[in-house]
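Given below, in the form of structure tokens, are the structures.
Common to both upcoming complexes is chain A, partnered first by chain B, then by chain C.
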Partner chain A sequence: MKILFPFFAVIALVLLVFAGVNMAGMYFLFGIVIPYAALVVFLIGVLYRVMKWGSSPVPFHIPTTCGQQKSLPWIKQNKIENPSGSLGVIVRMALEVLVFRSLFRNLKTELKDGKVVYGLEKWLWMAGLAFHWSFLIILVRHLRFFAENVPPVIKLIESLDSFLQVGVPLFYITDAVILVAVTYLFFRRVYIPQIKYISLAADHFPLFLILGIAISGVLMRYFFKVHIVGVKQLAMGLVSFKPSIPEGIGVLFYIHMFLISVLFAYFPFSKLMHMGGVFMSPTRNLANNSREVRHINPWNYPVHVHTYEEYENDFRDKMKKAGLPVEKE
Partner chain B sequence: MYDSGKIIVGLIIFIALVTFPFYNNIGKVNAKPELKIDTPEIQKLPELERKCVEPKDFMRGGHMQLLNDWRDSVVRNGNRVYKNSANKDFNMSLQNECMRCHSNKKDFCDKCHNYMAVKPYCWDCHIAPKEKKP
Partner chain C sequence: MAKLEKPEELIKIDYTPHKKDWMDTPVEFKEGMYCWGAKGKDLKILDFPNARDWSPKEEDWKLPENWKDTILEAMADRLSKYRSFRLFMDICVRCGACADKCHFFIGGGDPKNMPVLRAELMRSVYRKYHTTGGKIFGKTAGARELTLDVLKEWWYYFYQCTECRRCSVFCPYGIDTAEITMMGREFMNLLGLNTGWISGPVANCYMKGNHLGLEPHAIMNSIEGMIDDIETITGIRINPSFNRKGAEILFVTPSGDLFADPGTFTCMGYLMLFHELGIDYTWSTYASEGGNFGFFTSNETAKRLNSKIYAEAKRLGVKWIIGGECGHMWRVLSQYMDTWNGPADFLEVPKSPITGTVFDNAKSMKMVHVAEFTADLIKHGKIKLNPGRNDNLKVTYHDSCNTARGMGLLEEPRYIINNVCNHFYEMPDNTIREQTFCCGSGTGLNASENMDLRMRGGLPRANAVKHVRDQHGVNMLANICAIDRATLSASMDYWVPGVKVTGVHELVANALIMKGEKDRETDLRGEPLPGKEGKE
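This part shows the complex of A and B:
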């Protein structure tokens, strides 16, 4: 159920757009209205979620660290794993965001002959990295559909991605990488019992959706051609707010674009918000300087403090009688 | 909002990245590529024979694969005869067959390729036709 429901949900989405475009001819809806709506939902949703997170107080200073804290001068500090200033935090965050540093530390715990043993477990890190980077490259590459004069950077990325010069249209390395990586990430959730147990429909749905997007894109590029110049006209129309529907693009393109629209619209409501969340996690983005700088809990309300002076005032006579030293006579 | 300075800067960067295609296109005119298929060579042909080796719909999406197959056939198998879907024979040659009619590379090939930012490597080996400057 946790797997089948999202799987058939994606199938249903594909059938929906197929029926909508091919039979009912709702080009305007699927080509213009839904992409715009999805982008608006995406932007507003992400802003809302991030600002809501920003409004939650962080009552405690809670960086999680795994290195020597800044201490006495002759103890060597681990400046990246246990940063004490902004620069260290920036480097640490950059490593986390760009190369998934904490996932790299992932370990596998196993019982062997009654003993607990820890082993390296890099597959998730590797597949995650391969998936995210190829997705980013694919996204950037698609900007060629959205600019009249394609910036040279995008052309460069595109030529690097296709430098193997296999077949025509040139085969993109990232197309293969993303398919393999997403497939691995899916099978991992099915194959490993513990992961299967904790996987929910909300984990499988984005995987199937992204797989659907990648497959429809691959089919469109290499196998069942669409009218590519028409695709660019449509895309340019959208981004210049003069939307139009060119003739004869092909239903595969509408499936591709609809699935992307669903992904964009689904984004703010889902686990995919880890894109913004990774920057917002206090366990990562705080410097471990709790001995230098006092972290003030924003929830703090004025607490009545009974000072020693007040205590002595209350009990001075008794203290004197008992022979205890007092500060004021 | 706590740390609003940093968060707002981050969000502005995010919005700037996402909306790049929109503000990048402000005030630019988007003309779709218009192909010219009125070269003298094509004009000479009788109306009914003005056909490419395969139907237009196939050529639009599949010309690159056709050319790739031609190259493999000629270079690797030495076979220069192409039988099209209407059972007509053609000489497999980019320079001598395709470009014979479509002698206007700039107004034919390059139009869409430039529009789509595609850079085919045909002309790494082949000699591009000389065109009169307009």
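This part shows the complex of A and C:
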């Protein structure tokens, strides 16, 4: 159920757009209305979620310190894993976001002959990194469809991505990487018993969706060519708010675009929000300086305490007998 | 109580998850895996809700009529008060990197002890009441109703987390299970679902100033006994002061150090060091607890207990505070105290009267860890040490979860140990510093009725000790935590017999050459010093 439901949901989405475009000719809906709507949902949704997180304060200073603190001047502080100032936090966050620092620590803990042993486990880190970076590069590459003159930086990325110089059109390395990475991320959810046990439909759905997007993209580029000039025309129309539907682009493109739209619209309601969330994680984005600078809790409120006076009242005789000084005789 | 299995039986651990979905697998209360319920009288002392005697074993938990609303209201409230809570409910992708990082999962194999799934126990309820997907798709979206069974499952598993934060080191988003189980415990506190082992000490601490419930004269008696022992060993009579106004420094340490071996030896270490330095300091019987079991019930309770430290510092008119060796005590002090009960503007920035070092890193909260204080002394050559007196010991060092991951106090204790001992060996890298393993009994789980849980949770740490014992002949496990001193002793006896447990300042005191001391024959434990064997 956890796997089949999201799988068939993605199949259903593909069939839906196929039927909608090929049979009902709903080009306007799938080419213009849904992409716009998805983008609006994405932008408003992400903003709403981030603001919702932001509306809850950070009452306590709770960084997870992963290295030596700043204390005595002759003890070398780990300024990145245990930052005491903003610069350190920026570097720590950059490493987290760009190279998945914490995930890089990953280990495999096993019990062998009555011993707990720790093995190397970098596959998840590698697959995660490969997936996210190739996704980003592919996304950036696609910006060529939205600009009249393709900016040099995008051309540079394209040429790096295709440096193998094989195939016509040139083969992009990221196309293969993303397919392999996403497939791995899916199979580990099925094959590792613990990961299978914790996985939800919400974990499989985005994987299938992204796989669908990648496969339809690859098919379009290398196998079943679509009318590329028309695609650019449609994209330029969308971005300049003068949308139009060019003739004869091909249904594969609409499938691709619809799945992307679904991904965008689904994004704010899903775990994919970890993209924004990672920046707001208080165990990572705070400097470990709570002894140096007082952290303010906006809802700090007075509490009922047992005062020294009450304590002395309880024990005055015993205290005097033991020779302890008292406030009241 | 269920009899604890032998180590060779206990270590046969099955990590295969159940066939059925975890939501369809109801919680099963296993003897030895949980603590007994709270006593009504303790809850009453603290004005806790639903004060009554109760037992988790009974079918009827004697809950208030509207228990469900209470929790759901509290959940909505805390979501709006804690960004950590709201964020960590939302952003987990269930990558599973945390799964095999938890000592309870490693030692027990129960899938609901994978940090991700322990958190999902809470998230599933959050989704049902706070997300669109959860409201519409229910179970398919990983959402479920809050029912009595769910509540019992929460109780069972949120008291199988020591909030050690090891999982948060490995999480790519820094999701901290402690933030989730702390919230879970806070909710259950609203229903009076406390454990006896936590609420008893909390009530004691509230009324008497310390977890053990030592009254003022009992604290003095306890220290008096240590002073006699110190005199026997060193020939020096120490005369500490209590509740003395006008002292320069207030010293606060966990009350565990006053009560039982080997904590008392650590306490003797403080007494000897401070005497030798001649610093102007005082103990307090009112603020006689550094630890804070309130932290394991609710944020408010923790603040109530913690308030005594600053209040007493103010009343006595001291300039700053030194804190003893303790783990969760320092998480609370370093990440919470100043926020709750500060600003401590009536105190001065801590400055060592011996070396003149100003502790700028504690500029605002005004409290220095005794390991920072002592490391500074040694660096400046202000104490005379004979590490040879610890030559019978082969020492390894256990980082407390909280000082490692909630502070980063890693090098100070190592520097001290290396100066007071000649034989120091580190455990494997994946088990120390920020990757250190919990003793298995933190957050108030150090009771006696849950030994099965404790020994399972203690397995990874014990296993690493075993490694250095077999490789280097390590026979002493040093640490800077009062809970560790008590609980690691038990887990060493169980898993690695022959390895003893010590506080770092016990090692310091053994090596410390005091002015006018006699030729010492024994260490603080009354055992012959190296080279003095058979001279009785």
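Everything that follows uses one rule, which is that the second predicted complex is superposed on the first by the 301 of 329 C-alpha atoms of A that agree within 3 Å, B and C clash if a C-alpha of one lies under 4 Å from a C-alpha of the other, contacts with A are read in each partner's own complex, and residues count from 1 in each chain.
In the analysis below, contacts are C-beta pairs under 8 Å (C-beta built on N, C-alpha and C of every residue); 3 or more make two chains touch, one makes a residue touch a chain.
Keep in mind it's a predicted model, so treat the numbers as computed, not measured.
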{"item": "First, second, both or neither for A:Met236, with chain B first and chain C second", "value": "first"}
{"item": "Touched partner set for A:Ala322, first chain B, second chain C, both or neither", "value": "second"}
{"item": "Contacts of A:Pro57 with chain B and chain C, given as first, second, both or neither", "value": "both"}
{"item": "Which of chain B and chain C A:His274 touches, first, second, both or neither", "value": "second"}
{"item": "Contact breadth on chain A, by residue count: chain C or chain B", "value": "C"}
{"item": "Touched partner set for A:Met23, first chain B, second chain C, both or neither", "value": "neither"}
{"item": "Touching partner for A:Gly67 - first (chain B), second (chain C), both, neither", "value": "second"}
{"item": "Partner chain(s) touched by A:Arg294 [first = chain B, second = chain C, both, neither]", "value": "second"}
{"item": "Chain B and chain C footprints on chain A, overlapping residues", "value": "54-58, 280"}
{"item": "Contacting residues of chain A [partner chain C, same complex]", "value": "1, 5, 49, 52-62, 64-72, 74-76, 78, 81-82, 84, 96, 100, 102-103, 105-111, 114-116, 118, 124, 128, 192-203, 269-271, 273-274, 277-278, 280-284, 288-297, 299-300, 303-308, 311-312, 314-315, 318-319, 321-325"}
{"item": "Touch list for chain B against partner chain A, complex", "value": "1-4, 7, 10-11, 14-15, 18-22, 24-26, 28, 30, 32-33, 60-62, 64-65, 67-68, 112, 115-121"}
{"item": "Touch list for chain A against partner chain B, complex", "value": "39, 42-43, 46-47, 50-51, 54-58, 143-144, 146-148, 150, 154-155, 158-159, 165, 167-169, 225-229, 232-233, 236-237, 239-242, 246, 276, 279-280, 298"}
{"item": "Complex interface listing, chain C residues touching chain A", "value": "8, 11, 13, 15-18, 22, 47, 79-87, 90-97, 99-101, 106, 111, 114, 116-117, 120, 131-133, 140-142, 165, 168-176, 179, 206-209, 215-217, 220, 242-245, 285-286, 300, 303-304, 307-308, 311-312, 315, 334-336, 338-340, 342-343, 357, 359-365, 367, 372, 375-376, 379, 404-412, 415, 428, 430-431, 433-435, 459-460, 463-464, 466-467"}
